[in-house]
Structures are given as C-alpha cells and as structure tokens.
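Labels run A, B, C, D, E and F following the written order; every chain starts at residue 1.
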Amino acid sequence: MIIDKKSIPWQDRPEHFKDIMWRYSANPIIHRYDIPGSNSIFNSAVVAFGEGFAGVFRCDSKSVQMNIFVGFSKDGLHWNIEHSPIDFKTGNTEMIDSDYKYDPRVTFIDDRYWITWCNGYNGPTIGIDYTFDFKEFFQCENAFLPFNRNGVLFPERINGKYLMLSRPSDNGHTPFGDIYISYSPDMKYWGEHRCVMKIAPFAESAWQCTKIGAGSVPIKTEEGWLMFYHGVISTCNGFRYSMGAALLDLENPGKVLYRNKSYLIAPAELYETTGDVPNVIFPCAALYEGDKVAVYYGAADTCVAIAFGYISEIIDFMKKNAL
Amino acid sequence: MIIDKKSIPWQDRPEHFKDIMWRYSANPIIHRYDIPGSNSIFNSAVVAFGEGFAGVFRCDSKSVQMNIFVGFSKDGLHWNIEHSPIDFKTGNTEMIDSDYKYDPRVTFIDDRYWITWCNGYNGPTIGIDYTFDFKEFFQCENAFLPFNRNGVLFPERINGKYLMLSRPSDNGHTPFGDIYISYSPDMKYWGEHRCVMKIAPFAESAWQCTKIGAGSVPIKTEEGWLMFYHGVISTCNGFRYSMGAALLDLENPGKVLYRNKSYLIAPAELYETTGDVPNVIFPCAALYEGDKVAVYYGAADTCVAIAFGYISEIIDFMKKNAL
Amino acid sequence: MIIDKKSIPWQDRPEHFKDIMWRYSANPIIHRYDIPGSNSIFNSAVVAFGEGFAGVFRCDSKSVQMNIFVGFSKDGLHWNIEHSPIDFKTGNTEMIDSDYKYDPRVTFIDDRYWITWCNGYNGPTIGIDYTFDFKEFFQCENAFLPFNRNGVLFPERINGKYLMLSRPSDNGHTPFGDIYISYSPDMKYWGEHRCVMKIAPFAESAWQCTKIGAGSVPIKTEEGWLMFYHGVISTCNGFRYSMGAALLDLENPGKVLYRNKSYLIAPAELYETTGDVPNVIFPCAALYEGDKVAVYYGAADTCVAIAFGYISEIIDFMKKNAL
Amino acid sequence: MIIDKKSIPWQDRPEHFKDIMWRYSANPIIHRYDIPGSNSIFNSAVVAFGEGFAGVFRCDSKSVQMNIFVGFSKDGLHWNIEHSPIDFKTGNTEMIDSDYKYDPRVTFIDDRYWITWCNGYNGPTIGIDYTFDFKEFFQCENAFLPFNRNGVLFPERINGKYLMLSRPSDNGHTPFGDIYISYSPDMKYWGEHRCVMKIAPFAESAWQCTKIGAGSVPIKTEEGWLMFYHGVISTCNGFRYSMGAALLDLENPGKVLYRNKSYLIAPAELYETTGDVPNVIFPCAALYEGDKVAVYYGAADTCVAIAFGYISEIIDFMKKNAL
Amino acid sequence: MIIDKKSIPWQDRPEHFKDIMWRYSANPIIHRYDIPGSNSIFNSAVVAFGEGFAGVFRCDSKSVQMNIFVGFSKDGLHWNIEHSPIDFKTGNTEMIDSDYKYDPRVTFIDDRYWITWCNGYNGPTIGIDYTFDFKEFFQCENAFLPFNRNGVLFPERINGKYLMLSRPSDNGHTPFGDIYISYSPDMKYWGEHRCVMKIAPFAESAWQCTKIGAGSVPIKTEEGWLMFYHGVISTCNGFRYSMGAALLDLENPGKVLYRNKSYLIAPAELYETTGDVPNVIFPCAALYEGDKVAVYYGAADTCVAIAFGYISEIIDFMKKNAL
Amino acid sequence: MIIDKKSIPWQDRPEHFKDIMWRYSANPIIHRYDIPGSNSIFNSAVVAFGEGFAGVFRCDSKSVQMNIFVGFSKDGLHWNIEHSPIDFKTGNTEMIDSDYKYDPRVTFIDDRYWITWCNGYNGPTIGIDYTFDFKEFFQCENAFLPFNRNGVLFPERINGKYLMLSRPSDNGHTPFGDIYISYSPDMKYWGEHRCVMKIAPFAESAWQCTKIGAGSVPIKTEEGWLMFYHGVISTCNGFRYSMGAALLDLENPGKVLYRNKSYLIAPAELYETTGDVPNVIFPCAALYEGDKVAVYYGAADTCVAIAFGYISEIIDFMKKNAL
C-alpha cells in the first residue's frame, strides 16, 4: 500500500506567520457553484487514488437536497466532480434507499475504499459503502440506529475488527455531542461502544464546549493516531465550528493521549465567516506525505478549503497545549 | 390599463451564466442609508405608475421603527423616496392607527392601487389601504385577525371577489408557515380560507422546509398566475430566505399547478450574506414587460436588489423542476 | 322565543358558603366513560331545546380522536349523548372535512342553532355549523384562517351583523392569547376585527396572566353582555385554567365594562385537580332563568361539571372587584 | 420449556364492564415504600421462574437514585423484593459500571434469562445482562450507543439471531421517539437496524402522537408477535402515557401486522393520575397462560399495577380497530 | 432570650414507621380557603412569640395576587390569620412599594423579628423588614439586585455581621439554582457572596438535581447550623419539590459539613400530590424544643402542613447518608 | 486630576456625512491576532494615564479562554498589549480566583484606577479590582451575586458612596436585561439597588427592545452624566448590538434625563457585520477632551474600533430624539 505517499497539495508556511497551521493562499479550492445545479460544495473527503486523488463530495443542489458525488483530481487542488450523485449497488444490505446523504469520509482498508457518511433514515445515522474503483459503489448496513453523525473509520483493523468513531446526536441542530468509538467484526454488526472524548469545559476551552465530532480519517504516526476534529461553541448568534486535533493511543484508540486545548484554525477569512452557515470550519479529510499534512475542510457550509501543517509540529503543539 | 407595459429595468443575462435568473450588476439599487435617518430600506414594492414607477418602501429608522414610505422613479432603478412615512386617511375603517408597518406589496385593481402590508395591531396582521395617486392613502380594515404576514392581493377580481394570499403566523420569529388564500366581496369582510401551498419536505426541497410566504403580486400568464415567493430553511445559525416561483391556476388560484423544487436565487452575494439579518432574499414585487421580468427583493433585511429573468424560462424550469 | 326560560338545573348555595358561585354537589354530571369508546367528555355546550335541553359534547375517543356529539336531556343534569359524532351536510361551503373537532359552543340566533367549535384545518381554527332540530347539521365556512380557538357567537345580531369572539392562537399549546371580536354580514365573510380583552398583569390578576378565552355564549342583561371566560396561569407544572366573568357593552360588545379581577371558581375539587389535564376549569355554556345561572364547564379535560350563581351577584361582584 | 405456563395472576372481567382490558381490583400490587429506603417501585418486569415467578424491579431510592432489584413471588401478586440492588459480574464485557439503571425487561431465551434495561453510560442506552438463577447476574456490552431507551428482546432467536426492539432518544425528556428493531448474532454486536413503528398522526390516534416505546416481551401467538407498548401524548400539563398493543409478523418482526388505534388502558385511577409523574401507565411485562394475559405496568412512576385481558380479544380488537 | 423554648406542636412517630421524619396526622393544618378571599395559603413562616406563636403567611388571593399576612396561634396548629396583608412603614428605605410578596421567612435577631420574602421589584428579589411586635412592620432595602429567591437570615450575627442565604434565579420558573451566602454589616449593604451548596448530580441524588433553596431559619446545634431546604427534580411532567437538610459550620456557615443525599420527605400524600402546583413540599420554618423539631411546609402551593422529627436523628441520618 | 484632558484620538467628521457619530477611517484599531495566541481582542476599556493612555483588554485566547490584559499607548490608537493576562494580588478579599474574566471597564476615582469586569464565579458576576500604576492589581470582592454583567462605576463618589451600574442577567445568552444602579460605602458591601433604564418597546425603539447594558464610564457634563450603552434586538438570525447614549441626573444618577430613541451607531461595516459574533457594536470606554469624545467599542466580538462625536451634539440629538 502506498496510498497517501504521492505528492500531496502543499504550500510553505507564509513568512512571519507563526501559527501551527496555515491556509492555502488560493482558498477556496472548490466553489459553491462548481457543478451545474449545485448550491454549495463542502464537507468533503479526498484520498490518494491511482496517479492522483479521488474524492467524495457533499454537493447540495439548488433544491437543497443533500447528496454525495465522486470527483477526481491530479493535484488535489483542481477537481472534476461528477454531475450526478453516486448510484449505489447492493453491498451487505438490500436497503440502499436514503432520505439524504451528507458529510462523507473515505478510508482505504485492506483492499478497498470505505465511505461513511451521514445517512438519512428517519433521521441522521451513519451510512457505509465501499468501492474498489470509485466507479461502482456498494452500500452496506447503516452502522447505528439513528441519531448519529460524523462516522469516521480507522484506516486499518485492530485485532481483526473495524473501528469507527461517531457522534451520537438527536434529530435537530444538536446542541450537545461527544465522540464515541465502536467495533465491528464484519462491517455489519457493531458493538463495544466507548466514549472517547467529551466536550471541554467552557472556562478552559470554550471553542469546543458545545459539541465535538471526528473529522479526518486518523493518521497513523509513531506516537499515536492523529485525528483532526471539529469543536463547536454556541454564541448568541449561533454555532461556531473550529478545528483541533487529538492523538489517540495506537493500540487502544479509545484512549486519548493528547488533545488540543487551543484550536488549530477557526473561522476568520471571509469565505469562512460568510456563506450559507457563517463561521464554520469543518474538516473531513487529510492527505499526508512524510511530515506534511493537508487538511480539507468545508467552509461556511458553502465551499471547500485547505490548510497545511507539519505533523510533528501539530503533535508537539498538542503536547504543550493539552486540555 | 397599460400598467406594467412600459420599459421595465433590464439587463441581459451575463454571458456563460446558465441559471434561470440573474442579478443586476449594480445591485443593490437602494442602500440602507438612502434617506435621512434610515437604518435600512428593504422588502419593498414597486409598480408602474404614470410615466414611470411608484413604490412603497419599508424604511426602518435608526430607532428601528418600521414604517412604509412612498417613492418614485423614472427607470425603476433610481428612486426618490420621501423622507416621511405615508400618512393615512380614513378608508373603510376609523381605525387607522398601527404599532408598526412593514413589508408592503402594491397591486393595481380596477381603478386604484391597493397596498397591503404587515400591520402591527397587537401583533402582526395584514393592513390594507388604497390610493389613486400615491399622494392620498386611505386605510381600510385589517384583513384578518392577528397573527399574519405576507398578504398579497391578486391584480384582478375573480367572480367579483378580491383574493388575497397570506401566511398565518404567530407572534414571534415564526418557525412555521404555509400560504393560504382568502376571498372578499368588498375588501372589508374575508372568508373562504383555503390552504394553497405548504412547506416542502426537508429531504426533497430543504430551502423551503421551515416556512414559505407569498412575495410578488401574481402575474397573469396564459398558463397561470406566476408568483414569486420566499422559502426558509432553519440552519444552526438562523433562518435563510431564498426565492422560488409557483404557477397557480388561472380560475382557481387556490390550486398550485407547478412549484419550484429548486430555488431561483438564494443568498450568495456579500450584500445578501451580510447585513442586519444575514442570508435573506425576500421578493416583494415584480415588473414585467413581454417575457421579461424584474423581481425586486430585500437583501439581508438591509437593502433592495433586483434579479432578472424570462417568464417563459421560469415557467419551463418550474415544470421540469416541479416539487 | 322562549329558549332559556324553562327550568334550568339548580341547587341553592350551601349554607355558610360565601363565594359568589358554588359547585353542584353531584358533580361531575357527565363522566369520562359515559358513552362507549369515550376517553373523556368535557368542554361541552348546552342550550334549551324543545321540552328540555340539547347539547353538543366534546367526546374524545379511546384513540384520543376529538369529535363533537349531540346529546339531549330533560333536566340538564342527566344526558343521553349519541354514540356517533355529528355528521355534517353542506351549509354555505363544500368543504366539510375536518382533521378534528373540539370545544363546541351553541347559540340560538333568529331561527336556528349555530354551533361553533375548534376545527382542525391544518391547525385549529373556528368551525361553524347550524341546525334547526339537532338532527341535521349544516357545516359552513370556517370563520378565520388558522390559528384560532374559542370562537363564541353572540345570541343576536347587532346592526344586522353577526358577532364572534375568538382567541387567535398558534399551532401548539399556545402560551399567549387575548380575546378579539369580529363581525360578519352573512356568517361567511368576517372582518372589523377588534381586540376586546387582554391578559391581565401578573402582579394584579395572575390567574389570567398567560391567556384568556371566551367561554359561554354572552347573556344579555340590562347592564351588558355577561360572558364567562377562562383565564390561564403558567405554573412550573403547567397551565391552570380558572373561570371569570366580564360584562361587555350592550351596543358595542367590543368594549369591556367590567371584568373580574378575582376568578369565580378555580380548580380545587379532585375531579378538577386530577384527570387527563390536571387543574382545568373550562366553561363552555351557561343556562339562565331569571337571576339564576348554571355554568357548564369541562373539568380536567376529563368530565363535565356545573356551577351555580345569581347573575345579579356576579355582576355586583364584578363591579366591586374590577380589574 | 414451559415457562409462562403456570398459573398466572388472574381476575375475571367485572360484570357489565365492556373494555378489552380491565384492572386488578387490588391495584396497586406493589407500593412505593414496599422496601426500606425506596421512593417508588414501578416500571418493572416479571417472568415465570421455578415454582412461581421472578422479577426485576425498578426501585428509586429516597435519594432518587435509580437501580434494579430482584424479587420473587409465588402468585405474581405478592412480591419479596430484595433490599439491595443487583450486583453484576462480568459477562461479555469488562465494563460493568453504570451511572444508573432503570425500566428493566426480562426474557427467557434458550437457556437463560436476559435482562435489558435503560443503562446510564453518559446518557441512557440499553444495558444487557443474563442470569440462570436470579442469583448471579452477568453484565454484557451495551447494545447501542447512547441515546436509547425501552430495549426489549424477543423470546427466541430468528435465523439464529437475537432481536431487540428499542427507541432511539435524546439526552432529556425526549419529545419524540419511534420503535426500531436490531439484530445480533451474539448479543455483543448489533446491526440491521430497521424502523418498525412510528408515532401516530395527531388527528388519528393522539394518545400515541408524541412518542412510543416497546413495553412487554412479545408473546408468540399463531397470528404474530403480540407486544404491549406505551404511547405518549403531550398535553399542556406534560406527557400522558397510555398502553396499546401491536401484532408483529412472526417471521419478520420488523413488520407490523396490526396496531391499536385506540389505547387499551389509559391513566384514570387515582394511583395512575397522581404520583411522582402523574398520568403514566407504562407496561414492562406480560404473563400469559392459554388465552389469558396479565400485563404489569408502572403507574405514575410510583407503583406497580396489573391489568388483565384475553389475548384473542386483544388481537380481535386490534384488527377491528387498526391504525 | 427564650424564644423557641415553649411547647412546640408535637406528635410522636407512628408505630412501625421507620422514616426519620413523619407527617402530622391532621395535616394540612391550614387550608387554602381559611381566610376570606384566599385562593391558597402556603409557604409560610412561624416563630415563637409571646405566650404562643406568630407567623407570616403567604396568602394568594382569588385574583392570585401574592401577599404576606400576619397570624397568631397559641399552639402552633390553629391559626388566626389576619384578613388584610401586612402594611409597611418606612425602615431603612423610602421604597416600600412591591409588585408582589411571597414565601416569607421570619428570624429573631438581637431585639426584633426580621422578615425576608421574595419581593417583586421588576422581577423577584429578597425583601426585608423588621417588627418588634407583629403590629408595626418596617420595610428595608432589598438585599440584592433581581433575580433572587429564598432569602433566609441566620438567627444571630457572626463577627458582627448579618448573614443571609439566598438562591440567585432568573425571571421565570428558573430551571437552575444553588444556595449562596452573603454578609452585611447593617442590613442595608451586602457583600462577600459565596456559593454554599450546589445542586446534586443526577446520578447521585436526583431529587435535588435541578435547583435547591434554603428553607427554614438555621437552627444552632452543637454540631453546626441545621437547615432544612428544598430540592427540585425536573420530571417530564414538571418540577417536584422535596425536603432535605444540611449542617453548616458554626463559625463559617458558608461551609457545608453534611448534607442529605436522601430527601427527608417528598410529596406522597394527596394534599401534596394534588393542588395548584402538584408535587410540592416547600419548607419555610422550623420550631424546636430540646431535640424535637416541627417543620412547617407548603404543600402543592395550596396549603400548610407540618412534619416532625428529632434533631439528633436528623443529624445522624445526614452523617450516614451524606452526599 | 487632569486625566482625560490630554489629546485624545480624533478625526474630523467626513465631509457630507450627517450622522451624529462617525467611525475612525482606519478601523479596526486593534485586530484579532494582535498578540500571540489571541483569537480575538474586543470589548476593552481605555483611560488616560501618564503621558498617554492605558487600557484593559479582553483577549480571548485560541483556546477561547477569556481573560483581561493590560496595554499602553501614546496616542490611543496604537497599542502595546501585554502577552500575559493580569495577575491579581489580594485587595479586600482573599478570593482572587475566577473561572474567566471578560468585558472590562476602567474608572479613575480619587486616587486609583478601578477596574470592573464580568467575573466567572459559578456564572457571570461583577468583578472589581484597583491599580495605582497598571503594574500591580488588587482584586476585591465581587460586587453582586451571580448573575450579572456590564458593571460600570461612576468616576466619582456621590454623598460619599460609590455607584455602580449593572445589568442583572441569567446564566446563558440572556434574552432580557435592564440597567440598575447600586451604591456602596466601601467597595465591598452593596445595596440601595434601583432600576435605572429598561428596554424599549418594540414598536418605538426596537434596536434596544431585547436587552440593554451600560457601556462606557459616565462622563460628567453640565447637563448630566453622559453614558454610552448598548442595546440589543433579537432577529431571526440572532442578537444585534447597537450603541446609544443616555443622560443621567448629576445628583441622582438613578434618574434618566434623556435617552436616545435612535441608536448612534449600529453594525454596518464589514468588521462589524462579520466576525466571531456578527452584528455587534459594544462600547466599553470613552475618552473626551473638551467637546470631543472618542468611543471605543468591540466589533463583532472580534476586534476594537473607535467612533467619534461631539458631546454637545450627542446631547442635543438625545433631547430631540428622546425615547
């Protein structure tokens, strides 16, 4: 396996800039109207594939129907997104109907790409499908009962089992939410649910005091699984989503080794502070190559942007700045 | 009567632009501070009048008192709005006092211009007045009991009766709302209330899943009454108002023939995504000439903008894209 | 016309009892299971009819469907309620379908009995029908747009117009509500809406500080229209409904002459403090004969009870105890 | 296996009583203070065991800590409940700690008694344990992620899999809730989640329009699985819980064959309408013998009561009275 | 000073009854209609005075105006309550106007009786007055800014300062609330505010997990200040108020030595579970004599009842049953 | 004392600009990232000090911890803000711990600078400290019990007493709030609480209809104390904060002489309409020199900006435009 080892998108840290992560200067890389009929393209996942990259994109139509679309790119920056949503075949279930699909993540495990997303089945839950080639997609059983969001798979099995992070929710704009882990022997039945990370106290780390949710597929490092996640604060004018990172134990990923007290990036650019939902940074994927990492995030529920950083710096910062 | 037959404001569709409706390049046409003491000018109605156009404008003062003002324009783009609100004489009622007035619409019927607006009488309801000359205005009985908003009259009587669309509400930032039609023999007593259009299912057309309200005075076409309306989605950061259109049956306007599944325009420009209430497009009037139509809409509860389109294309789109 | 002149139910004030109104010692007169399949019978209206009395009863079934039923009684205390709900014929409308019906009132005007009730048409509004004989019922247009409850007609026309009290509401367990009056030339179109009575300040008369609603058909007295109404306070354990009375101007019933600051009766007996909705006294009808009046009220949304009083004492008390 | 075949508690239908189910005349059978330190004993499950019956009881202490206790009875009416809560050993999990436990159900499958309950693990979810003898109890993995309540197992495996009904919830007094079914090969990992029954429309069957939840372990009949469940309506004074029944397909229990439109019993007796939570009937278990069934239900979150009926009549009624 | 040393009301513990506190068998001692025009009499305070006892009573009128009234009793069980509310003279303030007054407490300090109550001044805050003879009452400055409730003075000064417990609130049916202590050199200016007791965790002592408030004037014992307080749990059908006790440090009463994990009494009798606000036990005063204590509490916001106990047993129980 | 008599920041009114106050053309003067680790710098107070100016700044860190920092400036426009928050010594209290600190104000009284701020002590209340030199800071007792915000001291004692304005709140994003005044003989004990200014009626001055709070330290003028304050309206997309002014009586500052009906400035520039909390103008300080005044305000909870005006014009406007 050499995925994630090709040239990822990259831009050096701007001179005099001192933060741990920095934005791509040409952000957003994908605009809201980049495919016909789209209202917005955001909260999307990318992965190394073939000579370049493949991705699964959340494109809300102008009827504001939420669905997921395949796209391809040579450089990870310029994307050709298909104009029709993914059409599913039967995987390990006959039930391949959904009310809506949004916020996909993509993980390569063993021999195939697994996609998880927020699937509408009488409320949001975690949908699963797999593909070998990003042409044919096979839908599987939903992982959980409603209500759940932000299901993220680990890129390898541990003790033979698949692992999924998720955030139990309710059926609206959930004003609470912690990150859990669940295990499955077969991607069909899930159990051994454990709470991994809770929201932070308001007085200590208010940017993540309302709810948190797993973002990118965890990256295996020598020190642990590095996961980017979003945290939410509830202001008098609504939710504000920022991005942090956590390091999970390699063998028992239900254990948090370190976790950011400070966020890594929070909404500040105009494409983050204005849009369909102002003040949202929502990471869904990360490409890495050596120490470099490029995090893809949805901005303002409207477009897709990238931020860069060095894995080693991010982990160092996490240790010095632990919650 | 040849109203609405003079030269309306117009600008051709931008090259390479493919959407059904497009914005005026010099939007907004009216700015928040365009009259002394105004905080914002938005959600306003215009109509052909004399050699040009007249309008009734919602101008909130810097004390954020809501009132309606007369204005005149030769080209529909540059407006002289009076600096004092409309002063009413007695029409068919002695009760011409109001707590506040907002969101006017103007309709020419038979021999006079009828203005409807959201009238504060122990809560919002539909106020009515008429004028022959936009100099003297005669207030009539409120059409309904509180609580109601978005009262829009049809431009002609059917079977001798006046028809009004409205949206029953509650006394706050109503999180629900459908469009109804009511009939009156005399503009004083109203009845035969029927539900015309309901909100759409979240999974099918989420931009209009929270509430909807009639926008412009319906335009009579061969295929039906064309009405622009607003639809609202409730995001975690508040309401977002977009614009769609519907075609109502010519003889029985309580019957919807077609209705947009996709919106026609939704907040995306900075004057729509920022302002006193971010992410609002609120149509209140439409001028047409042949196949051309210019829709006036309030943007972000702050200013007035215009969008253009062809009636035939809008109706075609509605048929292909029906909810 | 000699309705309401026959012997009404009556029981003298208990010795040593000093309140203005007193309960019937055999309350409740109608129990929850008095007809097959009923869950509860309450909030019902009675009227003198033929040799005795007729009534329209709210009977919720064991599926908790709400509907209205006819009943007859010789003495006003013992009732035969039919086992099927009222079946409507077409009156002045073709639309005789309802989602549900509840809380009826009955008024004799001119030559027939008019029944008003809370009619489910995409939310509660005021349904109207008439009958000459309590056998055939003719449904008319709903008086108003949703959302409305507690529509009560006056027993005679004034200046040729029908008058209706009502309480604009919202679509749930409305936590606000004032009493309005509306006029109609024909029982089909309604207008001239005026606010009659508002809720009372918490510090002055808290039992009616959350919402109020007309109860019985107004009784014409020399001093004015006497109307029993309910007032609601919002406790930390829900709403509590009590009963008061108001005197409205004979010629302009939109004008309140006097209104109780104290309630007349409030929930205190076990059949009032326990039941499907604890702590509810909800008057819907009043029979009178000379100075005597018997008020029928729903208790705890479960059963029907009666309270007695002298009209002259009630009016005297209202004057001395005016809000 | 001959469980549930011994003499169950029974009392014939009272003369002249016509409802499908009737209450035990000596209700409640267990009172709130029946063990030292208890505040209330309710929402409890019983099962045939040995020469008599065993049960698992929700006893809230006077600190209002919620826990589950074992009890035994010879006749199903008089119970000896232990004074200390159940102490768990490790079953298929090491995690046997709980924040609280409530609302147990008991099912015999194959060779042992399985107990499910609402288990506090950062919010309510479904706890599982088994016992062979009601002396030693072995805690297993929680079935689901939070938030969930009312987990009820089927008394036998179908296609080798265990089946559980449950009601996904949120973390408070959930104002919504439908019944789902999930499958497990091993009582550890769960999947194949399907929605079984949704709340009913307000206008059709309002007693179950807010939320519903499985009650007793389904009883296998020739016509299908008979399950008693609770339905909730939201009144202006809080929730009201009533009891209905449904018949699920024998081979595919995710399919509802019939379901009560009317409730079977609803709060009406003083021990149901008053107590810690007024107006609650909450079935948790059913014993049957031939055609006779005795349903155990919690009353007013305070005590335990029984209602009786004939299975054949209940199913007949369900067919004639289907939602 | 020998107040509280005369014969207090007393009744021995019922045989076989094992709880720490028990109710008076003739409860309630004061009924809702015990004075003319009253709707309810509850949440009231008593104190030894002269040859017997004096009290300050919350009597809500039939207009549900809340006010406080003086009463006298020889035995503490039979009370003569005056028919007009207390009329205030100027104490240390000119502002003796109030929107409403409720929930009084009475404390003898030095040479006079101090009364504190919930005083309506643009919302609830703590009103203060003093009397020497229960004939003339002198109103003082409100202790705090709104919003506050349950202000209770200590019966002696410590380090020359007055001490008051209170519960900061908001302006409605506050769903939160902890007990604070404040100090004053002069009963006019207050400071040194400290949090004394917080609500308990839901999983440990749910009866006091929503809000708590000081009840009776603390009783000085050798082991500390004994204070009865109320705790509230929020059920799906509203708040439930129960009574516990705490022991505060003699020299630093801001420090809790012990505090009940279990409640002492909770609503169970019909006069506690039904009434204007079901399920309320609200202690406001305690008389003691040697080891005996009689606690006066409001029941269901409707009437006044008494519970008895032995101080030594209550303290022992608190130690064994500490939160 | 000659503070506030040196050269304040100033810029003349732009030509043709007619409003009473105008923004500094180089706004914002302090940006969100101006010190290392800051997320935002806003709602801050400045005062003349030494040869220039000192200030106390609210800097939220990137963990969104809220704290207050000292800064210095020669011209009031360019600021050196320290990189560590203020470290407190013991003043008149031993309790110098806080959960968080925000929204400071600074007042010179007699011989020292007093700082008030929103102090986290089990919820927000008013913290107090003093400094002579902006090097050493001495924390004092919190002025009030929770919950309170926007504590502002008068710059001199009246009748020997300190005076503080504040706004009683609740523990969340308080949707109500009026301005009160309290008195203290010693900065430790507070009393004589009076309501000074309430919110305005929606129909008259909606920008201040939800809540209001004192902003800058009152400026003594011949006509009264001039205070800038914020007012809030609740839109469907959240709170909008604007700035007004009031004139309080010189001898009895609890009495409002005049108060703006119109706001002075409201969010309109992009740095006010976008940011962490869109649409916020929050004044915390004012420097004046002769007739000129410079008001410092937080913008969008993100940065600091200045607006200018003439005191005489502001007072004139207030008189002509009084609420």
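The definition used in the following text is that a contact is a pair of C-beta atoms (placed from the backbone, for glycine too) under 8 Å apart; a residue touches a chain by one contact, two chains touch by 3 or more.
The structure displayed is predicted, hence computed values, not measured ones.
Trainee: Both chain A and chain D are touched by which chains?
Mentor: none
Trainee: Higher C-beta contact count, D-E or E-F?
Mentor: E-F
Trainee: With centres defined as the mean of C-alpha atoms, identify the chain lying farthest from chain F.
Mentor: Checked the centroid distances; the maximum from chain F is D.
Trainee: Centre-to-centre on C-alpha atoms, which chain is most distant from chain A?
Mentor: Centre of mass proxy via C-alpha means gives C as farthest from chain A.
Trainee: Taking each chain's centre as the mean position of its Cα atoms, how many Å separate chain B from chain F?
Mentor: Taking the mean C-alpha position of each chain, the two centres sit 41 Å apart.
Trainee: Taking each chain's centre as the mean position of its Cα atoms, how many Å separate chain A from chain C?
Mentor: Result: the chain centres lie 58 Å from each other.
Trainee: Report the inter-centroid distance (CA atoms only) between chain A and chain E in whole Å.
Mentor: Averaging C-alpha atoms per chain gives centres 55 Å apart.
Trainee: Enumerate the residues of chain A that touch no fewer than two other chains.
Mentor: In chain A, 237-238, 274, 278-279 touch at least two other chains.
Trainee: Going by the touch definition at the top, which pairs of chains touch each other?
Mentor: Here the touching pairs of chains are A-B, A-D, A-F, B-C, B-F, C-D, C-E, D-E, E-F.
Trainee: Where on chain B does chain A make contact in their complex?
Mentor: Residues 18, 202-207, 233-238, 240, 260-263, 266-268, 270, 273-274, 278-279, 321, 323 of chain B touch chain A in their complex.
Trainee: Quick one: in the complex, what on chain D touches chain E?
Mentor: Counting only chain D, the residues touching chain E are 32, 36-37, 39, 60-66, 99-100, 120, 173, 237-239, 274-279, 301.
Trainee: Touching chain B in the complex: which residues of chain C?
Mentor: Within the complex, chain C touches chain B at residues 93, 95, 121-123, 125, 141-148, 166, 168, 170-171, 176, 178, 180, 182-186, 188-195, 198.
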